[in-house]
Structure formats: C-alpha cells, structure tokens
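Both complexes below contain chain A, partnered by chain B and then by chain C.
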Partner chain A sequence: EKFEEYLSIKSLRDGRVTSSFSFTTLLRDAIPRDPRTLAFDDDTSQHYTLFPLSLGQILRQYAITEMHLTLNAGKWNYDTWGYPDEPDVGVGAELRAWMAGDSISSIDERWQGVRNALAGLFCASLGSLDEQRTTSPRLSFPPEGALPDWGLPHELRHASHASEHVCTENLTPFLKLLPCKSLSGLATLLNPHRIFDADWHGIGLHVLWRPEGVEVRLNVQLVFDPLRISAQGKQDWSFHSLFDRKVEKACPVASSTRVSVELPNSGVYRVYPEPQEIRDGKAYYNLKNNNEAWNIGTMWPTDFEYRICHAALSSPDPALVPFSVTRNLLGPTQDRGQLSIVLTNNQQDTLQLLYLETMPWIVQFYLHTIRVHSDNVPRDDLISNISYVLPVPHARPATFESVLTLPGRSTLTFSMDVAKAFLRYTEHPPDAQRGWDLPPAIFTPLNQSLNGSMSLGSRVYTPSLLVDLATPDFSMPYNVIIFTCSVMAFIFGSVFNVLTRKFIVVRVRPDPPRNQSVSRTEKRLEDTDSDTSNELNTSKSGVH
Partner chain B sequence: MHWLSCRKTITLCIVLRVLFALGLDFYLSPPTSYAYSVDNGDKVVEFINNGPGLLSASSPLTLYANLKESLWLYQRGVDPYGSGIGQVGVSPLYLAFSFFPTIAESGPSTTQLLSKLFGIFLWTAPDAFSAWFLVRIWKARASTSTKSSSSSITFVLPLIYLLSPYVILSSLARSTSVWENAILLGAIAWACESESEFKTKPKLNNSNSKSKSLLFLALRVHLSLDALILLPPLILLLLGSPESRLAEPGPFALYVAKHRSVKKQLEEKLPNEPAENQLRSTILRAALNVLFEFMVYWTALALISTLIVGHWRWMSTTWGTSLSLPSMTPNPGLWWYFFTEMFDHFRPFFLVVFNVHLLMYVAPICIKFQHDPLYALFILVGILATFKSYPTLSDHGLFIAFWGIFPEVYPYLRHPFPTTLVLIHSALLQPLFAHLWLSHGTGNANFYYASTLVGACAGGMAIVDAVWAGLRIALEKHGKGELKLVEGEEREIVTQQ
Partner chain C sequence: MRLLSLSLFLLFYFLLSSCDASSQHTNNWAVLVCSSRYWFNYRHMANALGMYRTVKRLGIPDSNIILMLADDAACNSRNKFAGSVYANPGRHLDLYGENIEVDYRGYEVTVENFLRLLTGRLSSSVPRSKRLLTDSSSNIFIYLTGHGGNEFLKFQDNEEVSAHDIADAFHQMYEGGRYNEIFFMVDTCQANSMYSKFYSPGILATGSSVVGENSYSHENDYDIGVAVIDSYTHYVLEYMEKVNKTSRLTMADLFTSYDVPKIGSHPGVRSDLFERPLGPGNPNHPMSEYGRGRGWTVEGGGEWMGREIEAGKNGRVLREALITDFFGGVVDVDVNNEDDAELRLFEDPECISTPKAPLSPLTDTYSSPPSSRSSSSLLNMLDTYPFLRPFLAFILLGALFVLVFSGMTSGRS
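Right after this comes the complex of A and B.
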C-alpha cells in the first residue's frame, strides 16, 4: 500500500487561484471482486493499513470495478480557467460506476446498493440518483483504468443530480477516508470555512483498477478569488491567505507529499519560499523534507490588471480550450421550449465533439426538429452518429449521444425543440415554483490519431439548466376531486334519470276537448315511477 | 341534383380552408424573410398549438410533433416505442406512411410550395371525407322517411362540420384526430348503407358496405381504443336500419320482424318453432358474425402493426395510454387535472372508475335506443367527447356536427340555448386561460381546469338533452291512437292520491 499527496496551485487569467488536492492510495496487487463470487460469502479478508476500510467494504460488497463520485458546486469557467486538473466538474452530484455482470438486473441491484451505501458514507443525497436519473451512455465515459478480463461484459451506470449541494457534512466523512485525516499533511489545509467560501469547490472520489493494483484517489478542487479578499486588488496568495492554515507537519505514512505552483507566464512576481525544483514552468516543493511550517505563496509587486481590457486592443490571449460552449433553454411558455447550444471552435483545425445529453423525462426531445447551423448556414451534415435512448415517463431519462463536427474558426448552433412534461402533484419537489435543475451536457473532443483510431479528449461540462415546469395548484386536490366527481356524477345521474323514466301525458284540465289533446300547454311530462314530484302535486292541486 | 350541390358545398369549403391555411402560412413565414426555411407549414401548426389551440387542439396521442418524432425515429432505426411502459405513442400504422414529412424538406421554393400544399391537403382532405360521410349518413337516414322537406340539411351538414372552428383548429394543428373522425364517420356511413338480411329496403350496389364499415371501425379502434364503446351501436346499426324511428320506440326485434322477407325466411326454415325465438336466435347469430368479422379485422390490424415495428410493446403505448393516462398534459377533458391532483394510492382505483364510467353508458343507451341505433351512436359519440381520457376539440366538433343529422329532435330539446351559451363560454375561455397559465404566468392551472369543467358541463347538458329529446319525441308522435292508454295511466295516478 502506498499513499501519496499532491497539491497543484495555479494562478488563473482572471486573477483567481485554483488549487487541486489529490490523495492517492494504491493497494498493490489487489483486483476488484468478480461478481460471480457474490453468491458466496467467502470473500478475501479485508485488512488494510492505509486504504479506507469503509470504502473497501462497499467496493467488495457490490463488486465495483471502477467508480467515480464527484460533488461540485459552481460553474467551471472553461474559457478563462482552462481545463481543470480533474475533469469531472459537472455541477451537483455525479456518480458513475463500471460493473461486470451476468445479468442486467444484478447490475442494477448493485448499482442501487452502491448508491445507497455511498449516500450513507458521504452524507449526500445520492439515493436520489435513482432509475429516473440513471443512464448508460455508450461512449462518453470510457473506463479510466483497466477492466479485468473475466469473460463478462462490463457495463456503465451513470447518474447526475444537478441540484445536490456539497457542504461540510460531505467533507467530514471525506477526510475520514484519509490515513492522516486532516491532522497532518496537505489535508491540514482543507479548512471547511475556506473551502466552501471558494468561488468553485468540489470533492471527488475515484476508484480504478490498474494491473498494478486498485487505486483510490480522493481529490478536492477549489477556485479562490484573492482579489475579492485583497484590500489592494492584488493577486497575492499564500497557504495562509487561502486556507487560513499552514502545513505544520507532513503526514508520516505518506510516501510523498508534494506541492507544485505553476509559474505565471510573464510579469514580475515572487514565489516563496524558494522552490526546490523548477521544471516545465512549475515550481515543485517536497514537504516531506523538513519539519517547519510551510506557507507557500506568490507575490506580485503591482495590482492585478484584467487582461480582458487588453484583448480588444492587442491580439487576445490564445484560447485555453479548443472550443467554448453555451447551452440554453429558450422559450417563454411552460409547455414547450427549445434547447439551444452554441459551440465556438477556437482552433484552425476541424474539431469533432462527442455530445452527450442525459435528460430527465420531464423534458422530452423532439429529434426531428434538430437544426444545425454553422455560421448561420444550415449544415445538417455536421451532426452524425446519433444514438438515442427514449425516456420513459415517470421512470427513466433520455440518453442522447451524437458527434458534432466543428469546422475551424466557426460557430456552430444546435437547436432542438423540447416539450416540458406536466407532472403529478406528488412528483413536484417541495419548492416546485423554482423549477428543476437539468444535468449538464457533456462534450468530449474526439482526437483522431495517426493510425486512425479515435481517442477521447478532456470532457467539458456545460452549466446546468433550470427548467420551469407548469405546476398544478398544490392546495387543490380535494377541491378538484370533488368538482370533477360532482360534474361526472351529475351528468351520469341526469342521463340515467332520463333513461329510466317513462314518459306519459298528464292532463291538467279535467275534460279536454279530444281534438286538442296534444297541444303543448295542456301537458306535463312526468314520471310514473316517482310519485312525489312537486310539479305533479301542484298541477294536481290546481285540478282539484 | 342535391347530391351535386352538396359536393359543391364541400369543395367550396375545402378550397376556402386550403386558402386560409396557405394564407396563414404565408402570413407567419413570408417566403422572403427566411432564406432557409425547413418547415412544411409547421409554422402554422406551431402557431395553432401555441395560440388558439393551446392544449386543446391536440392531445399527446394526436399531436403532430409526436407523430413526426415517431416517424423520424422509425426512419433512423430507433424504436419509437422504447421500453413501452408509460410511453405515449402513435399507432404503428402511421409509421408505414414514413414518407410524409420528408418530401422536399429543403429545396427550391417551388418544391417547398408544393410540399406545403401537399401538407395542407393531407390534413384537410380527411375533413372533406368526413363531411361527405356525414351527408351520406343523413341521406341513408332520410331516404326511408316519407317527408323530404329537410333536404337543405345536405348543404348545412358539410357547413357545420367543415366551418366549425373546432374542426378547423384541429386540422390546422394537424392533429391526427381529424383522420380518426373521418375513419369513424366512414364506418358509420357504410354501416348505414349496408345491406343485411334484416334490412327493409333495397340498397345501392354496395354489397360489401358491412365489411367496409367494420374494417373502418376496427381501424378507428386500432388508432385509439376509446372507440370500442361505439361497437355495440354500430352492430345494431348494421343489423337494423339508420332510419329515424325515435318516434316509434319498441324492441329491436320488432323492427326486424316487420320485414316480410325475414318472416318468410323464418317460416320457410323452421315452420314449427315460435317466430319470436327464431328471430332472436337469428339476430344473435348475425350479431356474433359481425362481431367475429370485426375481431378478425382488428386482430389483422394489430398483427400488421406488430410486423411493422417488430414487437408487441406498441400496444401499451397506444392503447394503454388512453387507459392508464401516463401523460398529464392538459386537454379539454376531465381526466388530466383529476389525476394530476390524485393521491398516489388512489390512482389505480380511480383509473378503473373513470374507465368503467365510460363503459357504463353503452348498454343502457343501446337498450333504450335499440329502435334507433344511429341515435345511440350519436349519444355515445357525445359521451366519448366529454368523458374520454384524451379528448380534443375535434371530438367536440364531431359531436356538434352530428346534431345536424337529427333535426326531428330539435323541437323537444329542453335547454338548447343555455347549452350553446355554456359551450361558447368554455370554448372562448379555454385558450385564454391556457395562455394565462402557461405563457403569461398570470393565471394558474385552476383557470384552465375551470374552463374544461365548464366544457364538460356543456357536453353533459347536450348529452342529457339529447337523451331527453330522443325519448320525448316518442310521446309526441304516439298520436291519438295511443292516447287512451296514456289517459288511463293518468287516472291511475290521480286515484293514488
């Protein structure tokens, strides 16, 4: 077993600072459990020293080969922040697992089990990642590690819940999985007060298998804004200013504790303390070496200047990501709308993107209305390889995967009409008027290598959408039941009343002239069966 | 001569409506404003479905967008029925017409105009058929009666149907219900014209009208299951006659027995048995034959559908939908808000109640109006329009147009004016309240619910009045011969006091 800590800190273009912690535990020579042994209880005994036992038990019990769980808050701004160190930055909770299984039902049962177990472990509402949110996209989530060759097919289960919020109660159990908790090592810096104050924050758990063993990687990713807290408008940061803590001592069981600081490209700055090593534009520190308190930081002599101001004047900075994307749900009404995606290719080369939507059934796609425009010219040929799994109302989300081709330096517009569902009143969340958070769409660049095989680039998550669904009146169930039943009963009663009656002529005058007997004024139409009709009585009293 | 004029009326109305649809299309998408226009008149559909026909013009089962989506998926090899449960889908038979929306999606403007015209024609033609069938039903009903004073009906009937805003809205919204209406009216028209061993009058050269009628009803039931409740009156109509006998009520067998040829046949066949028993068994046998033929057609259509899509799951998405109401999309009916607001544990119970409620009318109405099965059919059409799970405006349009066939009951209606007012009230409020709720956000679901409730009241009032008038007419027409009997009853009542 080997435990490693690593922290990477980078100053961003807009003055923010991103820091990415990763705590990696490698369990050498371990292999995930073969699902065929689930029938027997004699699993290998679990004795770990560094590997988190509570997590290991879950992995063994449900025979998980690979698993990724992320809890994020905020919108990752690819255009100014670039790619994140950990690619899974979709807002809310996202869980996906690769499992092998003989039959699908067994996989779904284990998927449900692992959801609930993780929900208990992390105090997060992962139990709500149920069948209504579970999909199995074909291409977008390849296994990051290896899959053991048991002769069984491996299947992916993916679920995301955009309105799940990450908070202290998720961080505490997260820290408990670390061998040193937050007592020593880099985890000391994980101060909840500062983490959840960050502009963007997310925690993640990644379990994967490589031939050398099972690897568990816990990571925390944060984007701080030093400009916000700096009185002078300076970009300066240090451990102390960001986390309100310093690394007092290294974690004794960690085989390595390293920090890297990405050095700015230009300008005058000072990185302190003096880096032990500078390589590829990064300053590296090994915190294992000495036992003094570490407070790594960077200082600038001048105030931060927003480079956006320069962009209009001189040549803008090269784009950090090959393409940028915005996704919107248009339309003013609550019964239908239009999903619109605008993609801009920042490169000269043609770009192929794998586009994935995992949409809850409350928003129904109309694929026949897909329109693709490239620089306002219709180009329906730019979308290909559409695969679509239909949603099941009240049960299953839709999965839509396709490949979009972006010509170099162009803007591609994708639009599709959607229908918004009308829900039963019990299906609405307690704050129904707020709307529903829709999971982010995921774009993955397809890189064609020289030998013709396709490889997937880094995933890009769009921000989540909020859809405004029509709501019934929640205070009305009894009224509606009463009104509708009354109208139906009234019509039913009237129809059957008329149907079961017999029509006869009741003469009002005692001796009508025979010839005029059918004139209308002299007749009353009454019922022979019911003998106590008021009209009949009054007419009779008139007679007598 | 009248026949020719009726055709002229229909042609004129259709031309007017095609021109109207074209004009609306040009108004909504002027050819100059869009260099690239992909719609085949979809702008009009969108305008209707977001405007005057919001929620009411189409139900999820008849929505044009759902039809196009199913076709699109089917053409690309995706099963439009998915796993089947809870899905809302169109009948697989529509998928056989998968060439419809693809004609000249983008091309030169002349092709576009042609495809637009084709689209408009495709959704106006069924209305022309419907009007024509209505006239034929009327002719079959009127031909036997001695008085031919109301031949002007043949002009009025197409007008009522073709210029009814309900029908026009459904047609402009390209709701498949206009096809369903045409198919149902075709079934009824052929049933009226069919020959049977009990029919009293010689017919035109229409020897297989019965099969046509049953085939069309099977098709209609296949497209949406609710029409199944129209099967019993249609069987009566096939065995009996469409002529107006409201004034002379009596058992169904009585009318059949009146026919001399039937009597003769019976006497020749079995001279010893009592005639009544023979007659009954003969009618029963004929009815079972008809039922069997219907089942054969229905099964055949189901098999064809299964062949088209390759599995049986389409049944739960098309037929199951109208029974189990998976989609709570508002419509002019009574179901949607009731089941939106229903407590989950009572949902199955009330689904059964609502379905049984529809079925419950069939037997009493067929029994009471056995002397005039067309009238029973008419009332059941009204009940369907009011009480079925996914009604649309065109169902109401059909019910309203049907009133034109029964002019003899007008004098006996108790409250035609209030019914009309309530109907207009609801018709005007429905789009308004739908907009206030869904577009403007200034109203809520209760507004639209209230307007549909008023609409149901109007439908209910019309049904009750139709039943009343249909029974009341018998008393009036009894004539002086039976008045004595009635007077005797009257004395009984008086003596009871």
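Right after this comes the complex of A and C.
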C-alpha cells in the first residue's frame, strides 16, 4: 500500500488563495468486489494497513466499483478563480457511484445501502438522497477509473442534496480515514475553525479502480481571502495566517509529502522558505522532517491592487474558463416560472457543451417551450441530442441532457417554461417558507479531437437555485377545528333550545279589588304554571 | 441442624437482597437531543453541546453517544465565529471543538426518529452510529432541550412529542430489556410535566421548571447576538465541572445543588420509580430535610415525587446512585466494599438477567400503567375496532334525540 500527500496552493486574481489538499492511498493489486459474490456472505479477508478499514468494509459490502462523494459549501466563481483542481464543486452533498449488477433492484438496494452507510460514516444526512433525488445521467459522468470486466453492465447512480450543511462533524470522520489522522503530515493544517470560515470549502472522497489497484483519494479544497483575514489588508499568506497551524512533522507512513505553490505571473513577491525545485511556474517543496515547523508562505512588498473592470482597458484579463454561465428561475408566481440559462462563449472557436439538468419533480419542464437564442437571434439548431427522462411526482426527478453549440464570442440564451408543484401537506419540510434548493446544472465541454472522437473536458457547476413553492397555512387545521366546533355548538344549542324550551301564552287579568283576597290566591296559582314567561310579561304590564 | 438451617435462611436472604443490589451497569450511553431549529434557538444547541462535552469528558465514548441537533449553529452563515459554539458570553470555551460526531442532524431530528431510536425499531439500512445499541445492563442518560409546554416538547417548531409517548417508549424499552437505569433530564418550559407520566421502573428524572412556569435563558453574548445558554443547564454544567471520573458524588448532591433563586424556576426530581437511594445530599440544602425549606415548595406533592419513599430505601444493601453511574464510562470496578464482594460470590445467575418486576405499591400511587386487566373492556374494544367510536356516538345522539322528542310529545298531553 502506498500513501501520498499533496498540497497545491495558488493565488487568485482577486487576492484570494486557493489550496487543494489531496491524500491518496493506493491498495495494490486489489480488485473491487464482484457483485455476484454478494450472495455468499463471506468475503475474502481483506487486510489493510494504510487503507481505511471502515471505508473498505462499506465498499466490499455493497460491491462498489467507483464512488465519488463531495460535501461543499459556497459558490465557486469560475470567472475569477478558474477551474478547481477537483472538478466536483457542486454545492451541498453529491454522491455518485458506479456499480455492476445484473438486475436493477439489486443495484438500487446496494445504492440505498451505501447511502445510509456513508451517512453514518460521515455524519451527513445522505440517507435523504433517496429515489426522489437519484438519477442516472448517461453521458455527463464517465467513470474516472477503469471498470472491471465481469460481463455485467455497470450502472451509474447520482444523487445530490443542495441544502446539506457541512461542518466539523463531517470533517472529523474524514480525518479519521487518514493513516496519520490529523496528528502529523499535511492534515495538521486542517483546522475546522479556519476551514469553515473560508469563502468556499469542500471535502471529497473518491474511490476508483486503476490497473495498479484500488485508489482512495481524499481531498479538501479551500478558497481563503487573506485580504479579509489579515489585519493589514495585504495579500500575503502563509500557513500560519491561513490555517493558524504549521506542519510540525511529516507523516511517517507517507511515501511523499509535497507542497506546490503556483508562482504568480506578475508583480514582485517572495516565496519563503526557499523552494527546493521550481518547474513550470510552480515551486515544489518536499516536506521532510525539519528542525522547525514548516510555514510556507508568499509575501508582497506592496498592497494589493484591485483590478478595475473598465471597458476601455487596453488589455482585458484573459478569461480563465472558455465559457461563463448563469442560471436563473424567473417568474413571480408560485405555480409556474421560467428556467433561463445564459451562456457566454469567451473564445473565438465554436464550443459544444453537454448540459445536464437533474431537476427534482417539484419543478416540471415543458419541453415544447424551449427557446434558444444566440445574440438575441432565435437559433433552434443550436440545441441537439436531447435526452429526457420524465419526472414521476413523489418518486423520481427529471434528467435532461442536451448538447448546446455556442458560436465563437456569442451569448446563448436557453429558456424553458416550468411548472411548480403543489405539495402535499406532509411533504413540506419544517422550515417550509424557506423554499427548496434545486441542484446545480452541470456543463461539460465536448472536445472534438483530431481523429473525430469526442472527449469530455472539465465539468462546470452552476450555483443552486431556490424555488419558492406554495405553502399552505399550517395553522389551518387548528382554525378548522375551532370553527367547526363553534358551528356545531351553535347548531346543537339552537336545536336543543327549540326542542326543550316551551313557550306558553299567559293571559294577565286586570288587578282585582282589594277586598277580594280569594282572587289573589287564584292569580298566584295561575302564575306558577308559567313561571318562565314572567319576565316576558313584566314588559307587557304597561301595555295592559 | 438448626444452625445450618439458620445459615441457609440467611444465605437465602442475602441472595434475595443481592438480586436487587446486583443492578450493576456495565456500559453507559447518552442520548442528547436539541429539538429546536433556527438561529435564535442557539442556546438550545449550546445546551446539548455542553452536555455532550461533559459526558465525553467524564468518559462516555462517541460510539455510545447519540447527539441530535436540529439545526447547524456552528457553521451557520449567521455565526461570526465559524465552527464554534459557545455557552458563555466571554466565549471562553468552544463546545464544538475539532472532534465531534453529530448522529442526527437537521431534518433528521423528528419525533419519529427519536422514538424509533429509543425503542430500537429502525429499518435495517440505518447505520450503526444512529442506533441505540443498549442492553439490559446499560445506564442511559437522556437529555432533552428545546421549547415545550405542559406534557409536550416541540420538535423543529413543527411537531410535538408528548409525555405519554416518551413514557410508552420507555416502557417498551423496559420490556425489551434495553436499559438498566435511565436518568432523564429535560430543560424546557414546564419541563417537570414531561416526566409525570412515566411508569416503568428504573427511571430517575429531573426537570427544570414546574407546570405553569417558564424556564429562562441565562446570558446573552453581544457578538453572537443571541442568548447562549439556558439557566438550568448552565447551573447543572457548572456543578458538573466539579465531577471527575472517579468522584463519589451522589445524585442527591446534584439535586441539592439546585438553587431556585439563581436558576429562576423550580426544578423538580422524580425518584419514585428508582429503587436505589439518591444519597444524603448536601445537608444544608432544604431537600435533604425531606420537605421543608427555602425555595422548595413541597405541599401537595411538590417538586420531588418519591420523596416519601426515599427515607425507606435501604442505603446499605442498595448502592447509592452516583453521578458517574450515568455520566461516566465504567472505569473502575469497586472492590473496596467487602459486603458487595461477598454477596457477589453467591449470586444467582438467573437473578441478574430477569427484568425487575415493578414495585407495585410505589407505582400505583402516581401513574398506573395502561393494562388490559384494568378499566373496562369497552375501552379496549374501542381501540381495536376504530369504527365503533363514531357508531356509538351516533347511537347515543339518536337516543338522546328520541328521548327529547318523546318527552316533548308526552309533555304536551
């Protein structure tokens, strides 16, 4: 087994610093488990020294060939930050797995099993990635490693939960998967109080099979803002200023612990300590045990220069990515809206993009209302190869894949009418007025190579959307009960009074003369019959 | 012969008494639940995390703690101090730390999940860290905090769990042999009502305020912007700071540390279902006088249910309930007490495994279990055949109308 650590740090254009940790464990000559052996409970015994045991057990139990799990928070700004080192930067939790199997039910059962097992392992609510969030996109997620040839078809399951929070309880088990935990090596820099303060942070787990063996890659990507953190407002960064930690000693079982710092293109700066090797615009350090702790950093003598985006600027900054994308949900009502995507091609050549939308069933598409405009000219020929899996309400999300062609230096607008669902009373989350987070759309450039074959470039994720669905008045059951009870009481009271109250007409005789005492007793006898109507008669005495 | 029979008789007596004294627990579990969501309920999450830290410090490992937080306070975008939760205004101690495992988070904290966790009725896909894997020799510390009222506790501002539900869940646990003893602590408004419906043996309960009384928060932090801890939990945690893994402080020491003017509400204790004595407690505290004193209103049952039988519990044969019985891991086996050691030699193995029968004269007084023998079979039938209720109501209403009408018609004649 081999364990390697690698950290790559880059200063970005807007003064931020991105760092990408990568911890790779390779289990040599190991093969993922054949799912046909799952019927027999006992598995060939697995011995690991550096490979994480808890993860290995999960992989063997559900016969997973390839798996990617990411827990991210924040919005990755492609226009100013460029491409990330690890492409999966979709917000929230995203899990996808390649599994082999001969029947769909066995794959779905194992998918549910692996979701819940990872939910327990990472303290994340991945159990909610059920069939209402699971899709199988055909083209957008090719396997990163190799798929063993067992004669069984491999299937992809992909699910995402954009409103998942990431916090220290997700980082704790992540660090426990490393052989040196967070005690030595580069993992000592992972300080949760700084990581979760970063402008963008994400932790990821990638398991794939290479011909050499099974590889597990744990990565942490962070985007810090030294201009905000530092007291002087300077762009300088160092391990101590970013992570509040230094690397005291290297992990003894790591075969290599390397740090690479990308040297900025322009300006005067100093990278310290002296790099051991400079190659391709990057400074490389090999962290071996030193007398003092490693505190790598870069400093600038002058303050940071904020770039002014002026159209008259002679040389605008070259775009870091070939295209920019924004996605919006338009419309003021709570029953329908419009999904709008605006893509800008920053380069001269025509660009072909694979556009994937895995929309939960709460937002339903009307495909016949797709309108594609290029620079405000309707161009329906720019969308092709539409593949659509219908959403099933309460059961399955929609999977929409299509190929969009962007002519050079143009802006493409894609819009489609959508209908918003009216949920059942019990389907609303406890904070229903917040709305529902929709998972990001994924754009993959299709590169046509010289011999005509297509290959996929690096994925781009849009931010998630928040859709506001109609919420009922949750206090209505109480109101209904109170109202109904009042009406029932009113009806019952009235009917009861009508049935039991007796109205009697009482004839009041004129007052007898004083010497006739007998008639007074007679009057008293008559009055006792109609006791209740006495009050009625007192008002009539005047009339009489 | 007489001597032999006498010694045998004594042996039998000790055997029987050792049955009760052999309620020794072998492992400790903790279930800490914060049931309210939203940023302004930061203090409830701080309550639960404070208990988490105390329980971990005293020795219960993460694998034996189920922590349920209904919202994310540490990494909330409103939190100025990312990744940290503080329980005091000066922000001296970060409760979140770097090594924390939250088993149920966010939307997973529901009444259904809580009751399923307690009773163990979970589907097979639920991972091990989300299960309460207790056995009949586990002591469980259950702590609930949030917003509540008379016999209910609100979960996520959306649904409620009632005291009857929890009492029934505990009884299911008792019948399934899922606990040895439970210490139930609840910090909400009118918290004492939450434990008033328990009827299973082996439960010691305490709450923060009587029926009709609110529990108050303790202090605000002006940088975080919200109240950071509740008053009752603050004083309990402050007391627990004196406790370490080997301390011999008893539960009565904890209960007699309650200072009603400081806490701001009247905490309560329920010990009638708990066989072991609580200990002498602080002799200066009015509670140790079993009744009178400052702050503890004791007329009409008061806030200590089971006070009367406390004096009758045998402190020599039954061990006193220590704080570390619930809050700590089982670290030292006490062999200093020679009586216990002697009794252990003659333990009847059957005695340990059978669940203890409920001590009937005690439980009948306070709340009786719903058994099929008691009350009427009519109520039973109503439960089994749900259509009977509206049917009977219809019949009764019709009979009433018939009577009224006949009465009217006869009255006219």
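Basically, the second predicted complex is superposed on the first by the 468 of 544 C-alpha atoms of A that agree within 3 Å, B and C clash if a C-alpha of one lies under 4 Å from a C-alpha of the other, contacts with A are read in each partner's own complex, and residues count from 1 in each chain.
In the analysis below, a residue touches a chain if its C-beta (ideal position, glycine included) is under 8 Å from a C-beta of that chain, and two chains touch if they have at least 3 such contacts.
Owing to the predicted nature of the structure, the values given are computational and were not obtained by experimental measurement.
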Margin query: Let me test your reading of the model: by the given contact rule, A:272 touches which partner, first (chain B), second (chain C), both or neither?
Written below: neither
Notebook entry, point to check: Of the partners chain B and chain C, which touch A:423 in the superposed model: first, second, both, neither?
Noted result: first
Next item on the list: State whether A:166 touches chain B only (first), chain C only (second), both chains, or neither.
Entry: second
Check: Which partner, chain B or chain C, is in contact with more residues of chain A?
Finding: B
Next item on the list: Could you tell me if A:128 is touching chain B, chain C, both of them or neither one (first, second, both, neither)?
Entry: second
Check: Given the touch rule stated above, what does A:378 touch, chain B (first), chain C (second), both, or neither?
Finding: first
Notebook entry, point to check: Is A:499 contacted by the first partner chain B, the second partner chain C, both or neither?
Noted result: both
Note to self: With both complexes overlaid on chain A, does A:117 touch chain B (first), chain C (second), both or neither?
What the structure shows: second
Next item on the list: Go through chain A and flag every residue that touches chain B in one model and chain C in the other.
Entry: 496, 499
Margin query: Applying the document's contact rule, which stretches of chain C touch chain A when the two form their complex?
Written below: 37-38, 72, 74-75, 81-84, 94, 96-103, 105-108, 125-130, 156-159, 401, 404-405, 408, 411
Checklist line | Residues of chain B touching chain A in the complex | finding: 36, 38, 50, 54-55, 65, 68-69, 71-73, 76, 78-83, 85-88, 101, 106, 326-330, 334, 336-344, 357, 360-361, 364-365, 368, 386-387, 437-439, 441, 444-446, 449, 453, 456-457, 459-460, 463-464, 467-468, 471-472, 474-476, 480, 483, 486-487, 489-490, 493-494, 496-497
Margin query: If we count contacts the way the header does, which residues on chain A are in touch with chain B in the complex?
Written below: 332-336, 366-369, 371, 377-378, 386, 388-396, 417, 419, 421-426, 470-473, 476-477, 480-481, 483-484, 487-488, 490-492, 494-496, 498-499, 501, 503-507, 514, 517-518, 525, 528, 531, 536, 540, 543
Check: Any idea which chain A residues touch chain C in the complex?
Finding: 73, 112-113, 116-117, 119-121, 123-125, 127-128, 165-169, 172-173, 182, 191-197, 429-431, 496, 499-500, 502
